[in-house]
Amino acid sequence: MARVGVFIGQFDSHSTIAFDSLASYAANLRAVEKVRLLGLRPKVDVKTLAEEIRRERLDRIVLAGDSPGHFKPAFTRAMQLAGGDPAEVRLASFREHGASSSEATDRAKAILACAVHGVPYPLVAVPKPTVVNPATLVIGGGVAGIQTALEIADAGKKVILVERSGTIGGHMAMFDKTFPTLDCAACILTPKMVAVAEHDMIELLTNSEVVGVTGNPGAYRVEIRRHARRVDEAACVACNVCTDICPISVLSEFDQGLTHRKAIYIPFPQAVPNAYLVDPEACLWVQSEGKRCGACAKKCPKECIDLAEEDRTVTFDVGTIVLATGYDLLDARKVERYGYGKYPNVLTALEFERITNASGPTGGKIVVKSKVANRRLKTDEWLATSDGAAPRSVAIIHCVGSRDANYNPYCSRVCCMYSLKFAHLVREKLPDATCYEFYIDMRAFGKGYEEFMERIKAEGAHVVRGRTAEVSEVDGRLVVKGEDIVQDRLVQYPVDLVILAVGLVPSAGTAELATLLGVPRDQDGWFSELNYNSEPTYTERGGVFVAGVCQGPKDIPDTVAQASAVAAGVLRSISSGRGVSDLSSLALSEIEARAMQMAAGKPQEATHGR
Amino acid sequence: MVANVTRVNPKLIHELEKYGAQDVQNCYHCGNCSAVCPHADEYFVFPRKSMRMLQMGLEKRIEASLEPWLCYYCGQCSTGCPRGAEPGETMMSLRRWLTSRYDFTGISRLFYRSWKAEAVVLVVVALLAALGFLIFGFSQGSIHHYDGEQAFLPSASIHIFDWGMAAVLVVLLLINSIRMWWFTTGGNPRIRPKLGTYLKALYQLPLQFFTQKEYARCGERQPWLVHLALMLGYVSMLVLIMFFLHGMQAGPEIRWRFHGVGYLASAGLLFGVLVAVIGRIRKSAPHVAHSHESDWLFLGMLLIVTVTGIVQHVLHRAGAAMAANLAYVVHLSLVVPMLLLEVPFGKWSHMVYRPLACYLAAVHRETLARQRSSAAQGEQVTADRRLAAA
Amino acid sequence: MEKPRIGVFVCNCGTNISHIVDTEAVRAHAQAQPDVVVATSYRYMCSTPGQETIVKAIQEHQLNRVVVAACSPRMHEKTFRGACRHGGINPFLFEMANIREQCSWVHQDRLAATEKAKSLTTAAIHRVRHHRPLNSLSAEMCPTTLVLGGGIAGLTAALELADSSNDVVLVERTDALGGNLARVDLTAPHLDSARDLLTEKLTRIASNPRVTVLLRSELVALSGFVGNFTATIRGPGGNGAGPERQVRVGNVVVATGYQEFDAGRITHYGHGKLPNVVTSFEFEQMLRAGRIETRDGRLPQYAAIIHCVGSRNREFHPYCSRVCCMTALKYAHELKSANPACYVSDIYIDMHAFGKGCEEFYKATSEVKTLFLMFEKNEHPVIRRAGPGEDCDMLIEVNERLSGERIEIPADLVILMVGVEARSDAAEVARLVNISQDREGWFMESHPKLDPVATTTDGIYIAGTCAAPKDIPDSVAQARAAAARILARISKGRIEIDGVFAEVDEDRCSGCRICNELCPYSAIEFDEGKRRSHVIPAACKACGACVAACPSGAITGHHFTAEQIHAQIDGVLA
Amino acid sequence: MSFEPKIVGFLCNWCSYTGADLAGTSRIQYPPNINIIRVMCSARVEPDFVLRALAGGADGVLICGCHPGDCHYSEGNYKAMRRYPLLKTLLKEYGVDNDRVRLEWVSASEGQRFADIVTDMTERVRALGPLRLKTDLQTDRVER
């Protein structure tokens, strides 16, 4: 039997793992000759360590910790110096396998035991198969949810697709073009949306939210609150009569508040389902409890408006749940220095998407906002109108709230490319306009992205390597200020329009959903995948998958690939029932026993994984 | 043009850690700090560039730079830094490092790298000074007399001692200042100022010294006022002691002509020191959030010196001659190491380097403007010639 | 034949078409054409109400032909064929006029664009008169999948399929599974064990009776069509002439991976000449052996990592290799871990730390005082031996962008982050399975956004780095996505074959066999008895090469008949 | 009014038609004189199509396929390439100028190239003036 030395080190200073109790656990494992706690970010002296290995005649080292790989090279080196086999330095990474806090001590022990026996943990820790209800719940109707739903439904399995807003399509439906091919987002998305609406195996619930989840992996019961649409989805022919007559205008969410919609409205012309809905917050009838207005219901030629409709709760039994809840933009007001909310012509990326979108409020004309008096509210509003003035110069600011210790430490992954796309659109639609692009690192990593960047530069956008420090207003014009690092000088450019490439944050409600489902989230709030490398679509909770941006920022191709990958997992668990139990359902003793058997070379019954 | 190749020195950043630059490696060069800095202009783009020089270990470049002295640590750069790289603190550390570079004796380097060494030297010098003053006092006067012929430490003698010490300090500072000039300007191949430029900008020296006007350009006025109070208090006290010591030490009655100014100066000093100490304890603003050991030593010394000075003065007025004498000895034995060590080697040297840097910066600006315009003209001429040739 | 009753539907596409093309004039023009019963225009023909308009018109006017003048048929032909089916007519009795991509978006003269749109619509009307109803056929779907390549993508795809109880044939060219991942010690950004990851997959592959692993084997031929491919696989044997076996498979996952850029091509990096200049994979080998040292066994005091070797460069590859930045940061960490006294310089262009946890990893690498130095794209650092008086072996000279200085970086060990490139045999694989490559040699997906795993050839899927550089999680996701697509198809048991294929009129066929040789898919068989050729519909891809070449005019290319194209020509010129 | 030539384009579905679509999605402008007919492969273009177009009033014909080696059907474009010189010889007999019929390779990513080719061809054919094919060809067409 191998003589094993266990070394336990800590990488993350905030880690709450109970290292001491793990050390005493390790000491009691068979074959373990030596256990040493290294402490936080240890600086290992290789020679001393080699001496220790030789002295203790260790022929396997298990390096355990939250992220023990960070210390591994020193141990490999020491093993080599001591004359041992460098390949016998094994890692027991608690973080990798989901034991990230003191509550997961049993999991950490299991990980440690597997490493001591020299067997990969995921090979051992496979929950027992269960019977899986073939119906699947997909939460979120953006491109990720749509793709997953279609893939599963195309295989002939039932899908319930729940979307919070009045239409599916998500953020992608708001975009004008998509990088780097510049094909129009709607052109490639709308056929899929239509396919969802028409699919026999998909039950589409818009204007709905998941409010309760009970049951176990493979047999969940979900409660869904169907917010009253107040319009019969099936009967409505989107004739527009109700909207024409509705007296109430409010700012349109779909158009990012750049224009108005009515209290009874359709988010956008290609919305799916193609039916109107009532905004109860704005509707006079609803607000006055039926005392006022009600004109739409009276005028509707199909008589399909029921303003008194109430929310309902429906229940479904499903086997698996797919989280595809996407993202929100970080509230740009928080990044005070850029004056969003203070200067009307400082826009978020989504606002610009709507302005430049042919089906947006300006018909695709790039304009600065105009001040419009709202007679009802007796205030002035800044709206984008097609008769607005064209900007003479535009600044695009990357990394707004991203890669920043004061906001989001992470990179939002998509902003560089969409910012380049914006520069292209500005230069194309306004050839005389100057366009400045402020960036830190240009992350053009995908297929065809680098080439796209070169093209945009050649088109004449001024690319400034440096972050904009602030946006101010001087004599009625916006001024952006920054350091042009490559040119080695401070720059101040007067511009008419500033576009903020605002970073992505988990969509509102992510935390609640995580609690409801028992799915852990990472320090940035995104849903945690089961394993960074090998299980990017599974979660800690059996039968719950993640697709798209809700797991972490990603662009459309990566989202679609991941969404399809989720479908594979769902289909496989339906057909085999494997891997849908909770990982935590496995007892430590069970894992220990299996690991020992495997180490002894005894064949296992199936080694199906998740 | 063939650019000079400079070798990077990855060791310098480790060295600077001892001077307080703990976070500079985090900088990923977004340029935010330079753009928010109220002092950065078209000729001096910092702190980002200075941080870069430090990361790369371009010692000569840093030695030749005035930028650290143009920073007054308002802390806007650090507040907005996305990576927690603490540009303000880095500039502060660079000032410490530069101080040690200007100092030809190496003492400054020793002190900044080891606060223990500094403390030991401070204590030793203080003890020696105390011993000297006591021996001197007992040898020629009486501990029971503060004033008059039998005075323990007669002001005339102390005055001579003061001047002697002043001479030493002036010599040290002068040498260091000349070194500073040489590093940044005289020996800097990138800058070739004309004599006229030097003369024209000369007014900057007294202006900056007495008003600390550059500091006022930092967004908030409070730190500048505190700093000014401290500085003016200190300078007033220096003037009083150097030129009017007999008036200051006369007594026990209060002579408002001298003491009035002295009280104001003491109040300024005390106010400045207390605000600084409380700020550093509370870490209430970016510029006081990080304290190098030398900062505590410096403030501690200043506080004790101020307090003992006040105590000595009060005891003297109260007629407690012996107590006043003892307080005076304590006071002097602290003043000596403070002046001897802090003025040429420590933070007080800023008193000289700052105005000098402002002056040299003015010289640089004018010279750079001249050099740039002639370079531009040169390019124009070459371009014209090329055109003509074509 | 019944008299054509044609409905024409003109789309405004919001304003995409109508801002240049007077869609009302086009509609009126169409209305005036013979056989046109109804002509309407609408904002978005592709939207649900738009499609309903078509369905209703078919029913109300008893239409038997439909023309939609809208975007490219590549975009919405399928959508509108669906609408026709809903309306109750054969989906092939439909034609599309492309008045957006090939008209309103490329012209600015309103009058001329409108005239052109009229012509295109007229041509479609002319053509659609000659359309015939076509019906799709169905064929068996073989549940076995062929996976080419035993790297992480191939392994993942194979396991995903096999775990759902489907047979998989996994073909690997080398003598071991694992691919490039097997050469890696730890993975970025969390420094997890690549070995454990691989061991897990390999154990599961080995214990799964559904997976047949063929090592030292390669695909030499693939015939047939989706659901019914026959793959010829050559096994190990002397001089590449091993025994061949044939396997029936329904689908193919191509996961052939990448090869590393040859660092020797950049001469001023001195790889192969300077002993302590190593590539990333060579360094990985050093890490695995626990020997991070110079060739002569010293610990390096200065280490330097150079990014983008062969990537993002106009001389070599214009694209970003996507994985090297994070790997470089990993190396910086590992160098510091093995020897904290080592000074590490990281020489990069842009730091691509975009993945989950990657920016944080970048910061953590900064915190251990890695010196990051930025150089200009298309410039190269130059490595030379240091003089005898220096405390280092080599000096790297580069124009540093963040300082504007020309600098020298001391180095005892230089790691070149070699980029990834399409394998030299990618063209051969592409030819065998009949898929396309892009300019850089990567396999092309059928749609980069909405279908990143399928190819233009039905039944052939791509996964992992053979499609473009990507990291492990992205490769795994893509491999699973390919598996999902296949699982969905297998689960149905049979496949539908489009009605568009060629057909030989045996009465006119002279048996000359010209077409037999011409067909790239071997879809034309010759009946020796009858001395006539005939087409296998499921294998036919409808290219029409045989149709054009047949000297007796005996072959009809359904949906692209001479009659239909003639009518279309006459239509555009009318 | 100045002469506006009529050009008929036969574009293969996989590369050139997609390339022409890309010119559209990229909003690259070119003259409206071309009308595009989609074929699955350039190999599908029978000489008869070209003759019919010219006889029917077209002043030029453009055939576009995938670049050699890129054919979706492996080597359809080579077949087109081989057929093209024969067609040219025939057209010469009819007195059709060389510039009026062109075979070009346009890939799916070459929107700009497609636009350039159309622009160039339109200019050249405009310079050549209207094409009037002999009446015997007309009769020939009617007979078929």
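As written, the chain order gives the labels A, B, C and D, with residue 1 at the start of each chain.
Here, contacts are C-beta pairs under 8 Å (C-beta built on N, C-alpha and C of every residue); 3 or more make two chains touch, one makes a residue touch a chain.
Every value quoted in this text rests on a predicted model; they were computed, and no experiment measured them.
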item: Chain whose average C-alpha position is farthest from chain D's own; value: B
item: Pair of chains joined by the greatest number of C-beta pairs in contact; value: A-C
item: Centroid spacing, where centroids are CA-atom means, of chain A and chain B in whole angstrom; value: 51
item: For chain B paired with chain D, centre-to-centre distance based on mean C-alpha positions, whole Å; value: 81
item: Gap in Å, rounded to a whole number, between the CA centres of chain D and chain A; value: 48
item: Inter-chain centre distance, chain B versus chain C - centres from mean C-alpha coordinates, in Å; value: 65
item: Overlap residues in chain A, where contacts from two or more other chains coincide; value: 181, 183-184, 403, 441, 465, 485, 488
item: Per-residue multi-chain contacts in chain D, two or more chains; value: 25, 27
item: Of all residues in chain B, the ones touching two or more other chains; value: 28-29, 49, 83
item: Complete list of chain pairs which touch one another; value: A-B, A-C, A-D, B-C, C-D
item: Interfacial residue positions of chain A with respect to chain D in the complex; value: 177, 181-184, 428
item: Chain B-touching residues of chain C, taken from the complex the two chains share; value: 302, 343-345, 351, 362-363, 366-374, 395, 397, 399-400, 402-403, 405-410
item: Interfacial residue positions of chain A with respect to chain C in the complex; value: 43-44, 46, 67-74, 76-81, 86-87, 89-91, 93, 95-96, 120-123, 147, 151-152, 154-156, 178, 181, 183-184, 187-192, 194, 197-198, 237-238, 269-270, 272-274, 358-359, 363-364, 403, 409-411, 413, 441-451, 454, 465, 485-486, 488, 522, 526, 529, 532-537, 551-553, 556-558, 560-569, 571-572, 575-576, 578, 603-604, 606-609
item: Sites on chain C touched by chain A in the complex; value: 14-16, 19, 43-44, 46-49, 51-52, 71, 75-76, 78-79, 82, 156, 159-160, 163-165, 185-187, 190-193, 195-197, 199-201, 203-204, 207-208, 287-292, 312, 318-320, 322, 333-335, 337-340, 350-360, 363, 401-402, 404, 438, 442, 447-453, 467-468, 472-474, 476-485, 487-488, 491-492
item: Chain C-touching residues of chain D, taken from the complex the two chains share; value: 4, 6, 8, 13-14, 17-18, 20-21, 23-25, 27-32, 35-41, 43-46, 48-49, 52-53, 56-58, 70, 72-76, 79, 83, 109, 115
